[in-house]
Each structure stands twice: as C-alpha cells, then as structure tokens.
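A, B, C, D, E and F are the chain letters, set down in written order, and residue numbers restart from 1 in every chain.
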Amino acid sequence: MFAHTKRLQYTVRVTESNPGLANLLLEQFGGPQGELAAATRYFTQYLAEDDPGRRDMLIDIATEELSHLEIIGTIVAMLNKGAKGRIAEGVDSEADMYRSISGAGNDSHVTQLLYGGGPALTNSGGVPWTSAYVDTIGDPTADLRSNIAAEARAKIIYERLINATDDPGVKEALGFLMTREIAHQQSFEKALYSLQPNFPPGKLPGMAEFANVYFDMSQGETPTRGPWNKEPTFEYRQAETAVDGGSGNGEVTLAADEAACVQQAAERLRSDPDSDPQTGAMLGAGGDAAANTSAARQRGGKGGTATLDDGEPRSGGA
Amino acid sequence: MFAHTKRLQYTVRVTESNPGLANLLLEQFGGPQGELAAATRYFTQYLAEDDPGRRDMLIDIATEELSHLEIIGTIVAMLNKGAKGRIAEGVDSEADMYRSISGAGNDSHVTQLLYGGGPALTNSGGVPWTSAYVDTIGDPTADLRSNIAAEARAKIIYERLINATDDPGVKEALGFLMTREIAHQQSFEKALYSLQPNFPPGKLPGMAEFANVYFDMSQGETPTRGPWNKEPTFEYRQAETAVDGGSGNGEVTLAADEAACVQQAAERLRSDPDSDPQTGAMLGAGGDAAANTSAARQRGGKGGTATLDDGEPRSGGA
Amino acid sequence: MFAHTKRLQYTVRVTESNPGLANLLLEQFGGPQGELAAATRYFTQYLAEDDPGRRDMLIDIATEELSHLEIIGTIVAMLNKGAKGRIAEGVDSEADMYRSISGAGNDSHVTQLLYGGGPALTNSGGVPWTSAYVDTIGDPTADLRSNIAAEARAKIIYERLINATDDPGVKEALGFLMTREIAHQQSFEKALYSLQPNFPPGKLPGMAEFANVYFDMSQGETPTRGPWNKEPTFEYRQAETAVDGGSGNGEVTLAADEAACVQQAAERLRSDPDSDPQTGAMLGAGGDAAANTSAARQRGGKGGTATLDDGEPRSGGA
Amino acid sequence: MFAHTKRLQYTVRVTESNPGLANLLLEQFGGPQGELAAATRYFTQYLAEDDPGRRDMLIDIATEELSHLEIIGTIVAMLNKGAKGRIAEGVDSEADMYRSISGAGNDSHVTQLLYGGGPALTNSGGVPWTSAYVDTIGDPTADLRSNIAAEARAKIIYERLINATDDPGVKEALGFLMTREIAHQQSFEKALYSLQPNFPPGKLPGMAEFANVYFDMSQGETPTRGPWNKEPTFEYRQAETAVDGGSGNGEVTLAADEAACVQQAAERLRSDPDSDPQTGAMLGAGGDAAANTSAARQRGGKGGTATLDDGEPRSGGA
Amino acid sequence: MFAHTKRLQYTVRVTESNPGLANLLLEQFGGPQGELAAATRYFTQYLAEDDPGRRDMLIDIATEELSHLEIIGTIVAMLNKGAKGRIAEGVDSEADMYRSISGAGNDSHVTQLLYGGGPALTNSGGVPWTSAYVDTIGDPTADLRSNIAAEARAKIIYERLINATDDPGVKEALGFLMTREIAHQQSFEKALYSLQPNFPPGKLPGMAEFANVYFDMSQGETPTRGPWNKEPTFEYRQAETAVDGGSGNGEVTLAADEAACVQQAAERLRSDPDSDPQTGAMLGAGGDAAANTSAARQRGGKGGTATLDDGEPRSGGA
Amino acid sequence: MFAHTKRLQYTVRVTESNPGLANLLLEQFGGPQGELAAATRYFTQYLAEDDPGRRDMLIDIATEELSHLEIIGTIVAMLNKGAKGRIAEGVDSEADMYRSISGAGNDSHVTQLLYGGGPALTNSGGVPWTSAYVDTIGDPTADLRSNIAAEARAKIIYERLINATDDPGVKEALGFLMTREIAHQQSFEKALYSLQPNFPPGKLPGMAEFANVYFDMSQGETPTRGPWNKEPTFEYRQAETAVDGGSGNGEVTLAADEAACVQQAAERLRSDPDSDPQTGAMLGAGGDAAANTSAARQRGGKGGTATLDDGEPRSGGA
C-alpha cells in the first residue's frame, strides 16, 4: 500500500513563469525516458518478483520514481502556474493570448489549449505516454539490464535539460533527479551481478557454432574492427546465405487441398511477365501517352517524366 | 546502400501449416522485442554515429537483423501459406472458415481476415508495431546499454517460443536466431567497455551527496538488503522529505498580473469545505435519497449502497 | 513524496492458478477504465490544483488508486504465478506449452510469451495503456465531472469481472475495489457541487438563443421525446442550415496572390465533368471491357461486376 | 441512414488566411475533446441502445456533432485555403516557403507538409485521433455521465480557443459550437436523472462497510477537509493495510508441479544478498575504479560520481 | 539475406547545419508517407508472395526503399551533426541552448532533447512511426493499388519538401528520391495491369443491381455531375432507405432467456420520458436554479446560460 | 449539415446471437479498412476540395460510408444483443459467464468486458481505431489513387467476412456493402482519369535519367522479369552506389565551433578498437569466465555459450 506526504523529496524553487521551459520538461514527466516509465517499469517487476532482495529494491526505487514524477510534475506546474491562471480567466486580449500560446515554438500550445496549463502525461511534443515504452518481460537477467539502460538514458535526458535551463532552482532540482538515476543504475548493476550466472540470459544455451561468430554483412570498404568483432571473443566471418548448409529457402509441406488452393490462387493472380499492358499511369500521363504502350519512356517529350532541370514545372493545362 | 540475395541466412523448413503458431511468432516479427525493433534501433544509431568502429559494427548488426526479420517473416509465411490459399480462394464452407479463423485462441483471426495470411508488422496480439519501442537517444554510453538489454530481451522471447514449438525446422531456425542475439549482446558489451569511462553516462557529474545513497522508501517490515543498497557502494538512508533542507514545497514567483489571475481563478473555482451540497449522485440514489442530503449514508436502507453480501442484487424496478 | 508499506490495502487470496482469468483482470490494471488511468488522472490534477480541499482529496484518492493498482496487479501475479514458473523453467513438453499458451481464447498468449507471466500495463486484449485515456483538462468543473464518470465506468467493469469469476478470494478483493469506486464517486460529487456555480463550465456564457434549443436532426419517424428535449428546459426545433441567417457556406477573404495560387491549382487539378475517360478499372475489368468506355455497365456480360447470386465465382483464367 | 445538405448549420466567415490559428483549431477537429470524439461517442451508444427515448436523442446529437465537425473543419479549411494553394503550386521561393512552414510555433508544418493544408484528424500537436478517446462502455448510467463530462470538457476547450482568436467570424462560429455543448450537456443530464435509480451504477451493491468510507492516505500535515470526506456522507478513517483483517499479502495455492517450477526458478535466478560483485558500471567508472569493488563510492576522487558543483565537467580523455 | 555497402545510392551534400530543416525531412524518414513505410510495405508483401515476377520486383523495390531510408536519414544526420555535437558537449550557455532548441517552430526540440540530434523514426511532429501506416492486406489486386497510391503520395511529399529547401545538395538528393517514386509507381502499375482481370478485386462478384449505381446522398442544391456518377457507367439514383425493400431496421432473433435478459435490462435502465427530473446541472447552475426544475430555461436571468454578447463574463462570485 | 433517417440503407436481418462473429465484423467497423476510415477519408478531402464535381462526389460517398458504418454497426449490435443483456443483468453463473467470455478465440472478451457488448471502434483484435489509417494528403491525384486502393482493400475484407459467415441475413447485408465498394472504386477512377494529366502526381517533373530506370538490387539468382522492369518502359540497370557520380557519402560543412564540438564528442566517446576490455557479460558468464578476458570463447567449457544440442539446459546452480 502507498502513502503520501504532502512535501516533496526535493524542494522546487522556480524563479518565474516559463511555459516554454515547462513544456520541454514534460520529456521527463510523460516522455519515453521519463519518471512514469521508470516507476511503472519497476512497479510491474515488483509485482511478479519472488526474490526477496530484488523485490524490496524494486518497490523502493519504484516508490522513489513516483516521488520524482511528483517533483518534475511540480516544476512543470510552477512554470505554468501563471499561464494557467491567464487561460482560466481569459483576461488577456485575444492577440496576446494567441501570441503567448503560439510563440514559444515548443508545443506549449497543446499544453495550454488542451491541458489548461496542467502537467500532462505526454512528451515535450505532445505525444501521449504509452506503456509501449515499458520493456519489462518478466526475466530478471533481461529486466535488470533493461533497468540499467533505462537509468542511463534518463540520466542523459536530464543532462540535456539541465544544459538548456538557466533557472537556478529548476537546475538544482533537475540535478537531484539526474543524480538519483546514477544511484539507481548502480543498484540495478549490483542486483544483476549478484545473480550468477546471468549471461547468456535464460536457460537455453545457444548453438555453439554461431554464439561467438561476427558476420560481416558489409561489402566494399575495409571495416574498422575492434574487440566487438575480433579474437579472442569472436570469429570473424563473411556473411553467407544458408549457413546451415541447406537451400536457404523457406519450405513448407502443404496438405493436398491446401496445395490445390495455393496453386489455384497463384494462377488466378499471376502477373503475366510476357505482357506489356496499358496502365492507369499511362492513361494519365498526358499528351499522346495514353495512346501508346510506352509513351512514358519518351523522356523530354510531352510525357509525364520530363527532367527536374528543365526549368519549367509541368503545367496542368499543357 | 543495401543489396539483397534471394536466399535466407538460415534455411526455414516448416513441417506443416499452423496459423496458430505463425501468430505466436509474430512476437519476433512485429513485436516490441522483435527483429524490426532491433534492425531500426541499430540502423538509426548507425546513421548518426561518428565513431568508425561502432559505425561499422552497427550497420553490420542492423543488416543482419533485417536478414533475421526476413527469416522470421518467412517462417510465418510458410506456416500460413495453406491458410492464405484457402482464404484467397474461399473454397471452404463458411462454417469451416469460421472455425479455422476463430478457433485458435491466438489472434490468428486478425492475421487471416485483415492481413490475408501474410506476415504483418504486429505483435502476437495484433498490436501494430510502433517506433515507441525504439529507445535510441543518441548517446553511445546509453544506447549501447539499451542494445545490450534489447538483445537480452530478444534472447528470452526466442527461448519461450522455442519451448512452445515442436516443429523441428521451426525450432532449429529459432535456435539460430536466438543464438545470434547472444553474439550481438557480446559485441555491444565489447563496444561499451572499450569506451572508457562510460559511467556515469554523459558529462555532468551527479551531486556527490546523493549519487551513492539508497533511500529506503518503505515502511513496516524489515527489508532484505543486499549489495544493491549496502556498503561499500551505498549509504543506506531512510527516505525523508526535502532532503535539500528546504520547505519541500513547489514555489514560484509570479508577476503581479499573473498572481491576480491565479487568485481570481482560485476564488471563482473554490470548493466550499463548509457546505454540504446536494449532489447528482444523491439525485440518482433512489428511494427517498434525493430528498435527503445524506441518504447515501443510510447503509442497509433503501439507498444505493447496500452490502455486497446481502444476496439480492438491486433491481431497477424496485 | 510517496512511501510504501509491503502489505496490501486488502488481502488477496487466490484459490488456484488461472492465467485466463488473470488476463481478463488486466482490464482494470492497464485498461482504459483501470487503476493506472484513475491514479494518473487524479495525480495530474493534484499537481496543478490550488484549491486546498480539492488538492488534499485528489492526492488521497490518487494514492489509494495506486494502492488498488497494486491489489489488482497482485491478483494477476498470483493467478499467473504457476504459469510464470513453467515458462521460466521450460519444463513442459512443447505441445503442452503450446496448448497452455494458445488454448484460453483470451490473449493470455501475449501475457505469457511477451511478458513472461508478469502483470503488464495493457488491457485484456494486449493493447498498451496510453495516456490518451486520461481526460484531465485543467478545469475543475470539467475534471470533476470526468472523475465522476470515470468512477462510474470503473464500477461497472468491476461488476462485470465479478460476474465472471468464481474464485471467492478474487471475487472478494474485486468487490472491495468496486466498492471504493462508489465511495470515490461520492467524494468527487461533493467536491463538484460545493463549487458553485459549476454550470455551465468555464466563464464564457453561451449564446442565449441556442443554449436551450434541441435540434431535431432526424427525418422520418416520430421521435420518442422526453425531458432531454422538452419544455420547460428545451425549445424543440427542426434542424435547419445556417441558423445564423447567413449563407451557410465557408467563406474566406484571400490575398490576391493567394487567390491566384488557388485559382491556378483549381485549373490544374480540375476533373473534367464532361469527359468520359477510360480508367484503370476498365483496363482491368477483363473481357473486352478495356476496349469500351462503359463495359463495366454491361452487367451480366463479361464485365467485372457480375451478380453475387450467379453462383459462379469469377475465375481468373476465364 | 445519413443525408447531407451542402450548407453548414452555422455560416463560417473567415477574415483572412491564418494557418497558425487553423492548427490550434484542430484541437476540436481531431483532438481528444473534439467533435469526432463526440460524434463517435454518441453514435456508438446509439447503435446498441434499446431505450427508445435515449436512442432518438443519441442519434440526434451524434448527427449534430457530425455537422459541427463539418463546421470546425470548414473553419480550418478556410484559414488554410491560401496556404494550400501556395503549397500546391509551389510558387514561393524556397526560403519563403520554409519560413511560412516553420515560423508559426504551432505545428502547422505538419499540416502543410503532410496534409497539404487540408484539415487532418489530429490534435493541434499533430497527434492522430484514436478511439482510445471514446469512453463508451455500454451501460447508460456510466455512459451518460461520460457524455456529461465530455460536453463539459468540450465547452472549456472552445472557451480557450475563443479567447485566443480575434477573427470575429471565427469567434462567432466557435461561440455557436461552444453553446451547443451547453445544450447537449443539459440533455444528457435530463436523460441520466430520468433513469432512476442511477447511483451506484450497475446492479451489484458495494460492501456496506467501505462504500461511505474516506481513507486518509496522507501522512504529515493536517488536511483541509470538506463535504467530500466529512460526515454525514463519509466516515473518515486513517488508511491501514489489510482492512479485511487478513495478512495483507498476495496468496495463491499452487499445484505441486507449479510450486516446483517456481522454486526452481527462484533458485536459479536468485540475487545473492551476501555477495559484493564487481559490476559493469564499475568496469566503466574510469580511473582505477575497475580494479576496486567499490570505487564508485570514492566521491571526489577519480570515480564517476564527482559533484555537480565542482565546476569541471568530466572530460573523456582524463 | 541483405548486405550493405558503406556508400549511399546517391551522394548527400549538405551545405550547413539546419536542425529545423532536418526536422521537416523526418516526414520522409519516420512519417506515414516515408521510406520506412514504403520499405516495410513491399517487404511484407514479398514474404508472402508466390508469383515469381512480383516477388522479385517487390524485394528489389523494398531494398531500394531501405537504401532511400538511408539517404534521407543521412541528410537528417548531416543537417543535425552540428547540433548533435553541441548537445553532447553542452558547451553553449543555457540561454543559447534553450533558444536553439525552442526557436525553430518545427519540433526540433523533441529531436534534440529526446533523440540527441539523431534521426528518429517519427514524423516531423514527433509522432512515432506505426505499422498502422502499412496497408498491406495480402491480395495483389488490392496491394498493388495500395502501392501505386503510396508512391503517388510519397512523390507529392518530396515535392513539398523540395519547395521548402534552398540547400542545393539537399534539393538534389530529394529530387532523386522523388524521381524514384515515379519509377516505382510505374512498376507497380505494370504489375497490376499484367494481372488480368484485376477488377473488381477478389473473387466474389458484386450484386449486379448495386454495382453501378451512384446514390445521391445530398439534399438541396443541384450537384455538379461528371463521369463519376453519370451514364454510361452509372445509374444515378436518389438515396433511399431499405433499398432491399425490407424494413430498414436491424433485426435479430433472440433465444428466450436472452430476450428475458434484454427486457429486464431495458426496464431497469429506462429513462422515463414523462418525468422532468432535477439534474446535476441544475444543482450547479447558480442563482436560484437549484430550487427550480427549469431554471436553466430562464435565459437572461441569473441562470448559467446568459448570452455570449452580454459583455459580462460570468463571475464565480456572483 | 447532416441529417439522419431512422432506417438503414439496407435491412439487417440476423438469425441468432453470435458474439464471436460480431467481433470479426468489427474489422469493418473500427478496423483499418473499415467504414469509419472510409467515411473520414472522403469527408476530410471534401472539406478542403475546391473542384465542384469532386466535392459533390466526395460528400456523397462520405455520407454513404457513414450510412454503411451504421449498417455494419447494427449487425454487430444485433449479433451481440443477447450477450449484452446477459452481461448487463449478470444472470448467468460465474462459470457460464467466464466460458462465454473466454471461449471464442476472437477477442470477444474485450468487447464484452470493456464495451459491454456494444460496437466499439476497434478492429477485430481490439486495437483502437486511429486516424493513422487515413492517408489523405491534400492532392487529388494522390488522394484519388488512395481512395481507389482503399475501396479495393475494403472489397477484399468484405469478401473474406462473407466467406466466414453462414448467417444468410448477415451475408446479404455484407454483400451489399461489398458491392458498394466496387461502385465507389469506379467513381474514384472516373474522377482521377477525368483529371488530365494525372501522372506523375504533382507539378515537379522527375530527373529524366532516373524516372524510367529499374534498379536490380538483388544479387545471385536470375530474376523473373516482366513489364514492370523491361523495355519499353524501363531501362534495367544493376544497382550501384553513388549513381550521381559523387562520393556516395554524407557530407556537411560545419561551422568551426560546431566542428570543434563534434571532434570533442568523438574523442570523449571513442570505443578503442585496440583494447580488449572485460565486459559485463563476462562478469556474468559463470564459471571462471569473469577472470578471463575471453572465457566466453571457450565453447563447450563452463562458459555461458554451450551448444543448443548438448541436451542439457544450463542450470543456474551449476
């Protein structure tokens, strides 16, 4: 069960109204790397976790992320508080209101018109939050790696926001939030590496002959190689088709009635390679194209495919 | 530039038609942990990458993942080939068709009715693929960790699919795909750790006083502690509000006209704590509730909130 | 700041594993009327709320809804616990696993394959939760009505789930959750009606001549009328175009250069009403249709539009 | 069956081209509170409604909302008509075109580049309309409340748009649309309250002991209380865990083989609380961190977690 | 299997950094008409295609579209390269960074903050790519038409982008991409029309009496008619209900117990047309409205629905 | 303005309740190829269309598609009417209700639990409708092709549904709807081809040297060629990089300070190709792997990458 204390984990001191900045900060409120994604990622893992240590850790961090969602949401609310009042009361002239809504260049018009200046669970572009952002799959060796990566991403987004903000109170609170991602990453790392072995994830081993191969899928220039595709970890091989030694095709055995249907469909829907049909494009290519089977080929003529560099845009009347 | 060879990297041998299994495999075709997500994750990183070694690695692996998308898509196509023929030709009786479409319990009805038996970029539940699954943010210390985690997740999903399939050809091809996730994870690990230092991600350091603190956000029972919240890495602290020593509140300085608007809105929109208004719910609570200000409180009477265990569902006519 | 106690607000006693039922219950975990939607709806309102009473109420109820999210998530986790173990360990035969994943007819295959038996923030059909479900707009007279409606909807969904469950522990916990929606609705009602006046919402009055009109948009049969379109509240009027007395058209004054562009585009892109062009459909209609401008009209002939009841599906070879 | 008259319900007189304003108005065309959401909400309810009076009302209002969709779409089209012509004909210089597309700060670039200046079913931020906005659940006591709330929200959004527009013709048409939301809300209210009893929604009563309880989920400061949590409607209680008197835990009875799997998974995937493993973060923390188990703790040293206030961003080369 | 060559199909020469333009170009990277949509449309068709000629064509064009995705992505990366460096290093002052992120009016703030200046699979408004854009349904006579239409749309979007760009290298590369859409459209046209007959799509013929009817659904003004609704192709008829000669109603035969339930629900949930209930809106309408059943009707009085033109916004205190 | 007549364009006669079939039919109610997509596609085009003939046609067909949405929605409502009554009244035993909700294998559980048996704007898999399905871009030569393709797709989906239904009344109504798609396709074809020229779409011509080239992107086997890549329309060329004769690279001129940032970031974030770092995977690979830099390479040993075919799944305890 959750409880709530009506004071924040970190004090939010905002110098002045700034709906534009508020909008950028939505990235960490309702954006893919934001605090709701973090809180729900760890909370859903907590619910299905049996390991007592990880279970306690997951709910601690989930609860802290909820408290961070509250901090970032409060910053957004403070930056928007003035705008919210103006919108509610409608006291500006229409032109002033239009300018203040449209001027910022950062989607704050959505925040103001649609959400009335309140913090909305969208990213800074107004895209609604979706649990498609949450990559929990129910295996701790995968989930802990996902958590580590998620903390790393969140740390970077906070860094970018800090670099774009000169309000000292906002900067400080964002600094706290950024720092906590560093701490959380370390917790998840410890939890992962105290689960041994954790690589490869899961129980099924890979096929030995392919688990340490690096396939060079590129052609042409010599690649820059490194430990990611070199001995001793990797065998470096040119990609080839059918590495299993088979046909390299997709094959299926069909029942007789299925095969008959497939054959019937194939015949009914065959594109005849030996025809040269008149097409809709030819009917619409203008000039005398419609009368020819290949008028579109007559480049430079009256057909529809004159050159980009001929200076004259095609006029509809010609 | 890409080129294509009309043979697969690994041969696909499917024993017999099985649209239900085909549908489950969509998880790795158009699902969040599937091959399109992998290919686009690495491809988008490649495009903006300047480091020559990582750049070459990213496009190699992206290209291989595209080739894996082709393998998994081919398995799906083979498993569905018979069903696709039947749907196209409509030769079954209506009842047979209905049964074959509706029977499987795995959303193959969407695949068949909407996609005609072709592989669709959805997960096994028919949810369209979205780039919200792609967590690239343009910093290699974060992106490589995201790649590591993504490979770990994909490995697990393949393992689950292998465990649910007894078609030996499908099993073998899935085994190859699973194995390659193991190899790719190792490449991304090598690339991450040959970038030093890589922790904490980014350039801004955290606040020293909070970077190695673990906040206990829980109340009640004694937690199971471990290296994720113990010395020497962590200082273990009870959570407290306003760890900065401030008020713990959100604060903003408003311009005078803003403050006036906010005040005016507050007054206009105040919920009077000293009133006890009649409400819509009371108007609708039945019996003589509408006439009382507090009829809903009369539990067990004729009000709308009788007990769950009183045996008698409320009838509308009474 | 939030805190967490490692005991639920209501005990969850599940009789036996049932992944199918678990999946149905996701409706109230990650579905549109579920507890995450409730918690985030009230939490976002809290953040921007200035009214002290409403603010306290909103965070209380938001916190309780989070605690309910934990309850419903715990039920899901308990119902899936056995399946999660089997998936993780892969001990079943492949055929058994396939059957257990595909048999239920309720999308539990997504839950198991993709989420490993953990509670996922999707609805019962596997659709990811989206903040598009959260209808907060930052005005209390609207938001409180949205809250009232949301509680009413959630109550109904719980009722449907209770009616589909015969596990007594699940039934009881769902009954508690359902009951709390009734209580919450009453709180929001009181908060709304203690804000006076609250109708019409907002500050701008409507146009007096249209605010109490009911337009009959229907033609033909005599409607069943009621207080929703009768005196004394409503004036009942037949719909008519241009109720303002104007032209009923869209009109705009264009600058001269704009008008010239619009005119040029109109000429370039005119569909000639006096032509009877050959079309792509005619090229593809089979028989001698391509040679006629109107073969498709020759129903019953060789054209492409023979009757549904002629018994003979069109064969591609004919 | 629907029919259409080629004149609007209300005349649209737009003074001059204004793609920026057009874009803001999309909020009520393809936004969550807009006319498509309204029309489809009532139309879907109509289709399944058996009550003759509500059925007639629902289709009347759905039809009027469709007609309002046409009005708001026409305003958008008129405001964009000039821009549409320019885009189609491409007569501006590239620099002019870029400026006109990029300058407005209101996402009109999406409207112009992607939709060619036509009204698109997105909100003002370019987010595609989704039926996730439609909260119909098929029970009239819930749906009518949803309709009431939806009308209240739409009224507010129109008010905000009116306040941001100084084009008198746009203002007037928006005023009409706003007014109609007031009228529709009243119809839905009458329909709800002429269905008695309508509270609590549905048939199942709540648990009497919890239906009128208000749980105080907050800790710390004294809350502002009001009729929403006071007598006579409510009993005010401090939140407590396990209000049912049970353990407050999630419990499930597993079959023996399930329990064995769960146990096996738990052992295999245990994070050892007594270890202090080296982690990936330690490998990447720079300096001599990789050689220590706890170097990250050495704040102020060469580790990765120096203070935010030390002035010197960490340089990669150091 | 795919392979990759580390040179583009067309050289990308960008004159100077321009994150704003980069953002507009995302329309063809991750937008609905962009190259990922094209590549995946043809690739998914390829996988399920049996016709050897179409199959070869589909994979050729899919592979070329992937190569175009690489070109447009490279343009975006080049235009953003400078911004990406600045964001990564954080060397600008905060105010400069804020200006550069917020100023452009084209959502480049999302690209920069969230994606770090890398190409993201979103459209120019930041909306994530979704496979809902891919309209493949597994029938070649439909899919080829979808492909033709998709190429036509992509051609137009490129044209608009070319018209908004004055960087000659960008313009030239976009010109190449646009040109290839013209070529691809022609290929799909040839493939469609060499499949005969291809109209109507599928096997089932239509009902002869309705396949060439044009229903006039409009009332009022005389329409402009053309070949799309004239002889010889069409019979022009006024729309009428129940063209089948039946009742025009929805009818279903219910089992007795179903009918009983439906009847019971209808009675329980009836809105009484003969009542005039007090409503929630009336409780909230202010003045003495709450005491009257019809106060809202008293326009111009103290009720909630005063005129828009009465000059005085309703004040909450009155 | 729209008006509505309370009789359908085509009578719906449903033989008996069938929620499973109802669910499949949602494909044409709220699915991507369904009637809402059709109606909104043409309606949005209508709003911005200036050509009088096309404008009249677009609104006629949009209005008819709305009327078809009503027909398909009515079929769904009739098929669900019995189930809706049962859910509302909750008269079944819980086990019966669970079976009826979960048994069908076609997502009817979503329809029943979430939507109460009413028609919902989702596809047959429960995925919410999105305007991402609507491909209108505001150019008639593209939009008319999109309309043609959309009608072809809708025709095919109806055909599949007809083949899966043996209820004669449902079959007949679906036959009518399918037939109307054939008629509409012909109207859009006529409208397209009476706009001359219509190919290539738009005004800008392509580059003559690439407009009729077919690039062979494939390697290996000889392709099956046809009119889609043969003379006289096409010049068939092997794909090559840098067809413009340039470097084939992405190039940009950076300002000096930008270049410095880019260089600084490159150095800071370089992955050292000459290192062979210990990695996180190595720390987690078990056995003595953590002590070696390359233990993972030791296949068959104690490392994490044993063979798939070694019979023994890796046990965590070993």
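As a convention for this text, contacts are C-beta pairs under 8 Å (C-beta built on N, C-alpha and C of every residue); 3 or more make two chains touch, one makes a residue touch a chain.
Note that the structure is predicted; figures quoted are calculated from it, not measured.
Trainee: Any chance you could name the chains that touch subunit B and subunit F both?
Mentor: A, C, D, E
Trainee: Over half of the residue-numbered contact pairs in common: that is the test. Which of B-F, E-F or C-D passes it against C-F?
Mentor: Matching more than half of the contact pairs of C-F: B-F.
Trainee: Quick one: point me to the chain whose Cα centre is farthest from that of subunit E.
Mentor: Between subunit E and the rest, the longest centre separation is with B.
Trainee: Call it same or different for subunit C and subunit D: same when shared residue numbers make up over half of all numbers used at their interface.
Mentor: Counting which numbers both chains contribute, over half are shared, so the two copies meet through the same residues.
Trainee: Farthest from subunit D by Cα centre, which chain is it? Let me know.
Mentor: Result for the farthest chain: F.
Trainee: What rotation angle, rounded to the nearest 5 degrees, superposes the C-alpha atoms of subunit D onto those of its identical copy subunit E?
Mentor: 120
Trainee: Please tell me the distance, in whole Å, between the geometric centres of subunit A and subunit E computed from their C-alpha atoms.
Mentor: Result: the chain centres lie 19 Å from each other.
Trainee: I'd like the Å distance between the centres of subunit B and subunit E, where a centre is the mean of that chain's Cα atoms.
Mentor: Distance between chain centres: 23 Å.
Trainee: Subunit A: which residues touch two or more other chains?
Mentor: In subunit A, residues 1-9, 32-33, 53-54, 56, 59-60, 63, 67, 74, 77, 81, 84, 87-90, 104-107, 114, 116, 125-128, 130, 132, 137, 139, 141, 148, 156-157, 159, 163, 175, 179, 182, 185-186, 190-196, 199-200, 203-204, 206-207, 211-212, 217-220, 224-228, 233-234, 239, 241, 248, 262, 265, 268-273, 275-283, 296, 304-305, 308, 313, 315-316 touch at least two other chains, as defined above.
Trainee: In their complex, what parts of subunit B are in touch with subunit E?
Mentor: Within the complex, subunit B contacts subunit E at residues 1-9, 30, 36, 40, 43-45, 47-48, 56, 59-60, 62-63, 66-67, 69-70, 73-74, 76-77, 80-81, 84, 87-90, 114-122, 128-132, 134, 136-139, 203-204, 267-270, 277-280, 283, 290, 315-317.
Trainee: Taking the complex as given, what residues does subunit B use to touch subunit C?
Mentor: 20-21, 24, 27, 31-33, 90, 104-107, 123-127, 156-157, 159-161, 163-166, 171, 217-221, 239, 241, 248, 262, 265-266, 268-273, 275-282, 296, 304-305, 308
Trainee: Under the definition above, what is the set of subunit B residues touching subunit F in their complex?
Mentor: So the residues of subunit B touching subunit F come out as 1-7, 50-51, 53-54, 87, 90, 92-95, 97-98, 101-107, 109-110, 112-114, 116, 125-128, 139-141, 148, 175, 179, 182, 185-186, 189-196, 203, 313.
Trainee: In the complex formed with subunit F, which residues of subunit A make contact?
Mentor: Per the touch definition, subunit A meets subunit F at residues 141, 192-193, 195-200, 203-209, 211-212, 220, 224-228, 230-234, 241, 271-277, 280-287, 289, 293-294, 296-297, 299-300, 304-310, 313-316.
Trainee: Give every residue of subunit E touching subunit F within the complex, in rising order.
Mentor: The touching residues are 3, 5, 7-17, 32-33, 52-57, 59-61, 63-64, 67, 74-75, 77-79, 81-82, 84-86, 88-89, 91, 130, 132-133, 135, 137, 139, 141-142, 145-146, 148-150, 152-153, 155-157, 159, 162-163, 169, 172, 175-176, 178-180, 182-183, 185-188, 190-191, 194, 199-204, 206-207, 210-219, 223-229, 233-234, 239-244, 246-255, 258-259, 261-265, 268-269.
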